[in-house]
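Before anything else, here's the structure in question.
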Amino acid sequence: MSKFKMNRRTLLKGTAAVGVGLATPTIFTSKAWSAGYMNEPKGGTVTFGFNVPQTGAYADEGADELRAYELAVEHINGGGDGGMLNTFSSKALQGNGVNGKKVEFVTGDTQTKSDAARASAKRMIEKDGAIMITGGSSSGVAIAVQGLCQDAGVIFMAGLTHSNDTTGKDKRANGFRHFFNTEMSGAALGPVLKNNFGTDRTAYHLTADYTWGWSQEGSIKKYTEQLGWKTAAAVRTPLGAGDFSQYITPVLNSGADVLVLNHYGRDMVNSLTQAVQFGLRDKQVNGKDFAIVVPLYSRLMAQGAGENVKGIFGSTNWHWSLQDEGSKAFVKSFGQKYGFPPSQAAHTCYSQAILYADACQRAGTFMPSGVGAALEDFEFDGLGNGPTLYRGADHQCFKDVLVVKGKENPSSKFDVLEVVEVTPRAQVEYPASMLGGELGPYNNG
Amino acid sequence: MSILTIVDLNKSFGGLRALSNVNLNIDQGSVHAIIGPNGAGKSTLLNCFVGRLEPDTGSVTFDGTSLLGIQPHEINQLGVSRVFQTPEIFGDLSLLDNVMIPGFARRDGAFKINAWNPVRRRGPIAEKAMEMLKDVGLDDKSKQIAGQLSRGDKRRLELAMCLVQDPKLLLLDEPTAGMARADTNKTIDLMKTIAGRGVTMVVIEHDMHVVFSLAEKISVLAQGTVIAEDLPEKIKGDPRVQEAYLGGAHL
Amino acid sequence: MRFLGMNRSDWLLFIGFAVVTLAGPIIFSPIGAGYPDLLQKFAIYGIFALGFNILFGLTGYLSFGHAAFLGVGSYTAVWTFKLLTMNPIPAIIFATIVGGLFSAVIGFISLRRTGIYFSILTLAFAQMCYNLAYSVLTPITNGETGLQLTQGDPRVLDVAFGRDYGAVLPSSDLFGIDMTGYPGFYFCGVMLIICFFITLRIFRSPFGMMLRAVKSNQNRMNYTGLNTRPYALTAFIISGMFAGLAGGLLAVTDPLAGAERMQWTASGEVVLMTILGGAGTLLGPVIGAGVIKYFENIFSAFNETILMQAYSALPEGLQHFMVTLSSLFVGEGWHLTLGALFMLIVIFLPGGLMEGLRRLRNLFTKSSGGQGPGNSAETAHSATPA
Amino acid sequence: MDAILLQILNGLDKGGAYALIALGLTIIFGTLGVVNFAHGALFMLGAFCAVSIKAVLGLQKVTLSETETTAWGTPLEITQPYVEVWFGDLGATILDYSVPVSILIAIPVMLLIGIIMERGLIRYFYKRPHAEQILVTFGLAIVLQEIIKSIFGANPIPQPAPDSMKGMIDFGVAIGFDAGNVVYPVWRLVYFLFSLFVIGLVFAFIQFTTFGMVVRAGMADRETVGLLGIDIDRRFTIVFGIAAIVAGLAGVMYTPILSPDYHMGMDFLVLSFVVVVVGGMGSLGGAVLAGFMLGILQSFASMNEVKDILPGIDQIIIYLIAVAVLLLRPRGLMGRKGVMEG
């Protein structure tokens, strides 16, 4: 196979040369076609590609991700106070860039659309010579860009993506995810829901009608039904429906006493706001207090729902109020630079950038297969989630999961969630084979 | 021999009777004028010939084919062309294109995908179109955009667009309305030339000068019925016509 | 001088277009657009806009649903890859055919109405396609994630010819030439040139004249013995086929088909490309497509670091001010620039960028007799789009 | 039965919003002959009037705490809205009622925005082709929403209804259902009544004032009105201003139902166009009828019983109805011949 590939690449070069003719000498010196691996850095710098939503519904999350990346680059290059590098268990990075090269970065707008995200990633790879692509705020985009990076032969460090598929059905060797997934959300929420609401409950799901929503619905169903809960109905709602009242009113008379909102972003803000408006938070059914659950919380988005989040349970990857050394260092570093605390999206992106840089340093190369080997089954600590494993079998991080609740008496506009429980990593682990998919081999371009 | 036969035509709009029991025969090769006061139903009648309106009852037969229930473009393909009261032209195309389009319609029928070969500026269709433009005196403006023409020129252009199709029947709805006297006379001469080629014409006109210079036969329409049909000189003296036009006051 | 029925200025136009297209990698690299992906996008969206222009520019029917045909083309191409072969030729053939079939059905129904009613009908159909592709039709479209290749795809023709891609995901290749990077661009570029040639022939043909007549006066057409509906429908189908081809090419250069390609905003994009460049002109839509894609990919990539460098010559206070000011318009603010550009173009250059070029040309060649030599087809271009 | 009743109620407030936006859109169509793609942006601007007014009312007096610090080490800021500092409880009440209060301020603000838009841009496009109108207003919509984004960010901003209007009305009890089965949030009822009120005002204005008469004449035949020697320019400006106010008020009042963000205008734009077209271009009654009809049908299509039979129907129902209506009634429910068909 590798022989064929060699042939193919030679052929490729040949055709390109014929096609372009004599006119484009740059094409032969272009990094894209040189030997070694894709975009191998030749000079004193190495370029990271930050691909985040700058327009569209997730623009604020994207902006926060970008802030985190800039902070991470600063820290890797030895600037600032060093942030989580000081608490990170691996001490490979010296504050002088990576493998002796200073880190530079380019940015792009995913628009939260697969096409735009891939176009933007391609630009960074083809034009700007990015060695690694990272970022994103939705699973569709993450999977699309991950596939692209696999084809192009660069590493993809996923940003905020919560669908199981990213490191399940659609996993790729070149892709790595630090963020948790719906399976872990379900596993972490299960026991907390049991403790708070008991085992005799009937749930009604409202689910955003796309892959992530279904994935989330499946996981929550699975773990709540294990507790003995019943599922009254699972209703699919169109993405971006705006007004959810027509989906919420049937809940009133369904006999259900828990409403699970498998929504994210604006859909979550709107459906939660409207569910509270219809009195569901204060309702009594079968002699029990009605409950609303939002399986995936985002603090940035929760701010949009205002006081409606009070007392509503959900899970999150990280929260700035955590008191471990890593989180404190990160919040301090971020807060001093920007004046407000980082979001979970910022945290996961910062961590991904640090983890990638560290792996390159340990591997001594930027070649995807080398970096990947250094990340696989890497055990680390000090990045805010406790001891963490980057599992080699599916390139998924395993760490503690936070179960949070909307705070009753927030002290500031950032202080909307409180951590109810830190579900230990052992409780959310699952076998890699469970979610299917094939990593395939690394592609070095 | 009659080329267009109208039998017992009736048309109402709501409660208003626009045409009642109209019978009309247009002889082949003749110039037939339809006159009548405003609101007499002249335009309604013409609209029934070209498929713009569907009569309630009655029949319209052209050259042995019923014109009822068929589309305007099918009627045109049978050989009926029409000049409108307000000129209907292709305002943002050149004059030459304006005349070539009907030429293609005559050659290729109602629909043909002729998308590969360019329009030939020297082919038979272009030549014939130029000829027609020359006939109406617009050949020097053939490259202008039609929308920029004066109203009189637009009417002449529309006439050229009809003539290029060699129609069997030409319907003219007030062809000289709004024209200066000199232009009117030019138009009359032009129509006489056309008539000389044996084209059957139906003219609706208010201008009696035009009517009496052209028409071989005149039908008078009032309140939706034909009140008189005769040779021009007879119509001139017909009291019913004067009654209809002038309400009898002048008598 | 005529060859294949086309006169000399048309041949010059065509050859010039072909040369610029093929030399794209050199011509566009000084402005940072000389990399394969963006060049591919220029070519593909150029085809899309060319096709749209045949409908909108010539017949005046403003469709708000053409993205649906693009999306359908992409899905068809990816399915062809999955089921038959990774060779792009069958993929784009099927994509064009299916794009044509869809447009025939939607066009047949929508063309029963004119004006804004027609626009809303096409919009409604496209939105239905999008919403269903995103959710209920996920088994066919793979919903939000988008339809992708997998290693387990049957690819019966490839298997029959003993082609084995091993454990890696295949990418589309033309008899061994990988359709990514520059070869991918040249494939799309050649398609663009072919499409441009077809468009040129249509523009100059009696059929093109009939389409302009549809836009100009449907009443007169009917009373001239021409059936307008089949003309408009044919234009609709041709533009649907162009869109299907463009969608197929998107999948060829990047084998993924996502539902958002069909959203109304994507349909709106091609309208904007066409008007921006100049509706009814030959080159305008391609230029418009290039400008919008350039903004989307290059302007959005400017970040503060780059701006700081750009203004590094200025004193620090001014530098910060300029960076803050500029960052409103680039990076995350690139939409603002685009919106402002639309407004400026429409206000000052209603005929699009092509009108700007024409005015520039007139400025320099004032002495040579103004509008005189233009043939009727040329002058028809200058008519404002309606 | 109770389910159907609930869905009708849901359709009413949704329909109210559709009707209000479509009303302004169709007035602009009818009188000015302009296809206004920036109309959704006017709705959004209205919503952000409410946001800004709440922000102004909520301007906070900031004192730095001497003892407490934030998680990142700077002194904690203790804040209190100035209105509360100055007016005490009354201030708190004003803040609580910020959405209704916004209406008073949104009217002049939206009128001003409408006048500036019309005088500065739209009037140059009366005689231009629809495609150009669409492009220029679409460009304007993008510019407006990007400006809002750069000021307020991309995330939704919560705008709670006043405390006294947060509860629910139990309709069911009144007509014999069990308590809690047929409930309706007070604010949605307020919104529905508000929309009826505004629609009524607009109708009365157009029906019973001389100014409205000109507008009606303009909608019937634009050419002739120009010949009447009336200063049509000024009236067109006012018409546009009124349409802007109606869209803006729809936006202000909708904020407690839908937390506003910069993109909300675009989401409503397509829908409101569909509503206008289904109702019949240039028909006020048609816009209102179609608004409520589509709102209610959309609610019905979202019922589980319906979705079980026709999966995904709730996603396409609006468009399906649009197609059906346009094929059966060429000019929408109440449209007249010749309007916007060119």
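Residue numbering begins at 1 within each chain, and the chains themselves are lettered A, B, C and D in the order written.
Note that in this section contacts are C-beta pairs under 8 Å (C-beta built on N, C-alpha and C of every residue); 3 or more make two chains touch, one makes a residue touch a chain.
These figures come from a predicted structure and were not determined experimentally.
Engineer: Treat touching chains as neighbours: how many steps, at the fewest, connect chain B to chain D?
Structural biologist: Shortest path length, in steps: 2.
Engineer: From the Cα centroids, identify the chain that ends up most central relative to all protein Cα atoms.
Structural biologist: Centre-most chain by C-alpha means: C.
Engineer: What is the chain whose Cα centre is as far as it gets from that of chain D?
Structural biologist: B
Engineer: Once you count every C-beta pair in contact for both, which comes out on top, B-C or A-C?
Structural biologist: A-C
Engineer: Provide the C-alpha centroid distance between chain A and chain B, rounded to the nearest whole angstrom.
Structural biologist: Whole-Å distance between the two chain centres: 74.
Engineer: Measure off the straight-line distance from the CA centroid of chain B to the CA centroid of chain C, and report it in whole Å.
Structural biologist: Those two chain centres are 45 Å apart.
Engineer: Provide the C-alpha centroid distance between chain A and chain C, rounded to the nearest whole angstrom.
Structural biologist: Those two chain centres are 33 Å apart.
Engineer: Determine the centre-to-centre distance between chain A and chain D, using the mean Cα coordinates as centres, and give it in whole Å.
Structural biologist: 35
Engineer: Can you list the residues of chain D that touch 2 or more other chains?
Structural biologist: 312, 315, in rising order.
Engineer: Which residues belonging to chain C are in contact with no fewer than two other chains?
Structural biologist: 131, 134-136, 335, 384
Engineer: Could you list which residues of chain A touch at least two other chains?
Structural biologist: 59, 63, 209, 236, 238 - these are the residues of chain A that touch more than one other chain.
Engineer: Applying that definition of touch, give me each pair of chains that meets it.
Structural biologist: All touching pairs, sorted by chain label, are A-C, A-D, B-C, C-D.
Engineer: Considering only the defined contacts, which chain A positions touch chain D in the complex?
Structural biologist: Touching chain D: residues 56-60, 63, 209, 233, 235-238, 240, 242-243, 245-247, 249-250, 252-253, 266, 269-270, 273-274, 277-279, 283, 300-301, 303-308, 320-321, 328, 331-336, 341, 411-412 of chain A.
Engineer: Report the residues of chain C in contact with chain A in the complex, numbered from low to high.
Structural biologist: Answer in residue numbers: 23, 25-26, 29, 32, 34-38, 41, 131, 134-136, 138, 142-146, 148, 151, 166-169, 171, 173, 176-178, 180-183, 186, 250, 254, 256, 258, 260-261, 296-298, 300-301, 303, 305, 331-332, 334-335.
Engineer: In the complex of these two chains, what residues of chain C are touching chain D?
Structural biologist: Result: residues 56, 62, 109, 112-117, 120-121, 123-125, 127-128, 131-132, 134-136, 264-265, 268, 271-272, 275-276, 279, 328, 333, 335-336, 338-343, 345-347, 350, 384-386 of chain C touch chain D.
Engineer: Taking the touch rule as given, give the residues of chain A at its contact with chain C in the complex, in rising order.
Structural biologist: 1, 4-5, 8, 11-12, 15-16, 19-20, 23-24, 26-27, 32, 54-55, 59, 62-63, 66, 70, 105-109, 113-116, 118-120, 122-124, 126-128, 138-140, 143-144, 147-148, 150-151, 165, 170, 209-212, 236, 238-239, 438, 440-441, 443
Engineer: Spell out the part of chain C that touches chain B in their complex, as residue ranges.
Structural biologist: Touching chain B from chain C are residues 5-7, 10, 201-202, 204-210, 212-213, 215-217, 219-228, 230-231, 234, 374-377, 379-380, 383-384.
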